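Next come two complexes, and both contain chain A; in the first it sits with chain B, in the second with chain C.
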Partner chain A sequence: MSLAPSRRPAWLNVLAGAAFLSVAIGAYLGLRVSPPDVNQGDLIRVMYAHVSVAWVSFLAVGVAALAGIAFLWRGRSRMDVISVAGAETALLYGALTIIGGMTYSKPTLNTFWTWDAKLTLTALMVALLAGVFIVRGLIDEPQRRGRVSAVILIVVLASLPLNYLAAEWFRTLHPAKAIDLTGGGVTIDGTMLTILLYNVVAAGLMFVWLLVERVRIGMREVEIDARRVQADEGSSEVVRV
Partner chain B sequence: MSDVRALLAIAWKDLRSEARSRAATVATVFFSSVTLVVLAFALGRDADVMTRAAPGVLWVALAFSGVISAAQAYQSDLIEGAFEQLLTLPVPRAAVFLGKLLTNWLTMTILGWVLLPVTAILFDAPIGSGIPILLLTISLGTLGFSIIATFYAALTANLQARESLLPVLMFPVVVPVLLAAVRATDAIVTGGDPSLAGDWVQLLAGFDLVYLVVTSAIFHIVVEE
Partner chain C sequence: MRDACRPTREAARWCVFDSWNQWTWVTVAWLQLPLAFGAYLAYLAWRGRRAGREEDES
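Take a look at the complex of A and B:
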């Protein structure tokens, strides 16, 4: 029983091209167009790559958790596949964030690691996602696996803001005094802010493309598993998921 | 049987079972003592460092013991399929979760209260005058640990490699509780700013509440067939 090849949709190639192009333009903007920082000179250019992937990594975790909740609600395999895809890209982007952070902190702070809130949070997020994948690897039955992984992702989502707050206030002295939600304002030069936002959009576009590709692969895997089950049971009906 | 009575019945069952076998008690007491001694040797070069590290050391010992204790909570239930039989009873899943949580929390709190003077002595860290709030802080901290540990122990109960998997899953989630508990303990013991200690204790209680609500709500998915 051969798998009917599904045509790769044209818009997917357009998306891929747009993603790579925007990342390239973002890199050019960050490396050449952006002015050097008053204090940190050219080192600030790492910030564009680092902050953009950091924001998108948390977006990815949100996507993974929401897809997991959707899977708990309706049980559609597509939601579980989206959840896994989101978690994988979150892990990738989280790892990139940490690498970028270490690249940035060594020259500026003369240390590869500081236990500041954001870096700690990212490290914990990577550890949490690794846990999701370990547990998924230990459960064979797809529905159960999807439900357990969704449950873990819900706890992960709940823990992220708590982790950030705790890590933020751990080093500073007083949690009560630090609860200031009026917003500190963005103290960054206008051009740099624009370039940063552009890089965030570029990273986001790349994330969307990676997600779509991974979901396509995942849905094929689901289809293969379903056909294998059908073959075992001796049925010749075509499977639609 | 009302939900609360079911919850208490489950907690009482686990307590009685533990009182008879003492498996978890022995394991946690022994392990936490070993942790304290090892850390005392590891940090012991500088007496000032030891004194300042004492709050953190206490929570390290409690954290590791908490993992052991949680894993033990489900061990006896896995024998003879006792847990599945428990689930066939018309008891809401959240009551089962909270019942197990209650027992785990009680044992951990007692352990914490016992470890407090032991740590203070071994690490030459005077407790100061805030003993009631210190006991409260320990109770709130162990509550946070127990919530996460009981939840994940149920999740990993019938998975392979569960002993090593439980700490891997637990610790990133438990970090806010750990941080808040350590800061609160430190603030109380050093006794500088009473409002600082109060704020950290409130924060700890807040973290506990969030985790309690989330885990109770989704526990039924973890134990469904």
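Take a look at the complex of A and C:
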């Protein structure tokens, strides 16, 4: 059986370099080029870090859940590996969203946290993503493990529209959306919008790299496990003979 | 300084952030990214090394 390559392919190194460079440029744009906000002053620079990782956390949940659905459909271990990789990165970006949001909220709204719908749904998303790994640790059988975690990820995916709209539907300290995809238009300065979108792309590129790297390692682990099972079956047959 | 932040033991616990200026918050917010990505990359490197060891053993 041929193992997934243990050496990192050259294109992955290029992707890693592009991800690091784009995040560094995004930081430069957010910290140096962006004008201060008329109300928030320099605190607006926190927004670029917070909003970009928040959007990418939604993307990561989408990737994890769709791969989970594909696993439920076809049962291929590759889909489970992609689903887990997506869930891991979603957990990373989700945790960054919450911590970044607290860092933004304290100086602007004078509180780190409030249990309103938007924040609670985001905390629930992160808790469910952490739950995926707790549950996976409790189940030995790979197919069952993949099915259970896929179902949890579908629940997380189903909560995302509610999370997105929670700032409009419920009373919340969370500011209204500056870019409203439900028809509210764009209420942010053009330069700030460009820098924000650039940072979203940079965080997305970093996500793609981390996902691919994690999938590569996950596939190696699956193949090592398969080899081990094969070897165990071989040795037990020898004993039987 | 808020009244609640007069120099008492309680204030030392809850009002430490009152002395932070805007750029301190901005720095802390942005530093979270390299710290989190760095930690995750260290985790991936550890997992990759472990897979390599197991590959050698099998």
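To be clear about the criterion, the second predicted complex is superposed on the first by the 204 of 241 C-alpha atoms of A that agree within 3 Å, B and C clash if a C-alpha of one lies under 4 Å from a C-alpha of the other, contacts with A are read in each partner's own complex, and residues count from 1 in each chain.
What we mean here is this: a residue touches a chain if its C-beta (ideal position, glycine included) is under 8 Å from a C-beta of that chain, and two chains touch if they have at least 3 such contacts.
All of these numbers come straight from a predicted model, not from anything done at the bench.
In the superposition on chain A, A:41 contacts chain C only, with no contact to chain B. Using the contact criterion defined above for the overlaid structures, shared-chain residue A:66 touches neither chain B nor chain C, since it reaches no partner. In the superposition on chain A, A:131 makes contact with chain B only, while chain C stays out of contact range. Of the two partner chains placed by the overlay, neither chain B nor chain C lies in contact with A:81. Once chain A of one complex is fitted onto chain A of the other, the partner contacts of A:210 are limited to chain C, with no touch recorded for chain B.
Here chain B touches chain A in the complex through residues 148, 151, 155-156, 159-161, 165, 168-169, 171-173, 175-176, 179-180, 183, 193, 195-196, 199-200, 203, 207, 210-211, 214-215, 218, 221-222, 224, going by the rule given at the top.
For chain A in complex with chain C, the touching residues are 3, 6, 23, 27, 30-31, 41-43, 45-46, 49-50, 53, 89, 92, 95-96, 99-100, 103-104, 106-107, 206, 210, 213-214, 217, 220-221, 224, 227-228, 231.
Residues 72, 120, 124-125, 127-128, 130-131, 134-135, 138-139, 147-148, 150-152, 154-156, 158-159, 162-163, 165-167, 169-170, 173-176 of chain A touch chain B in their complex. Interface of chain C with chain A (complex): residues 17, 20, 22-23, 25-26, 28-30, 32-33, 36-37, 40-41, 44, 47-48, 51-52, 54-55, 58.
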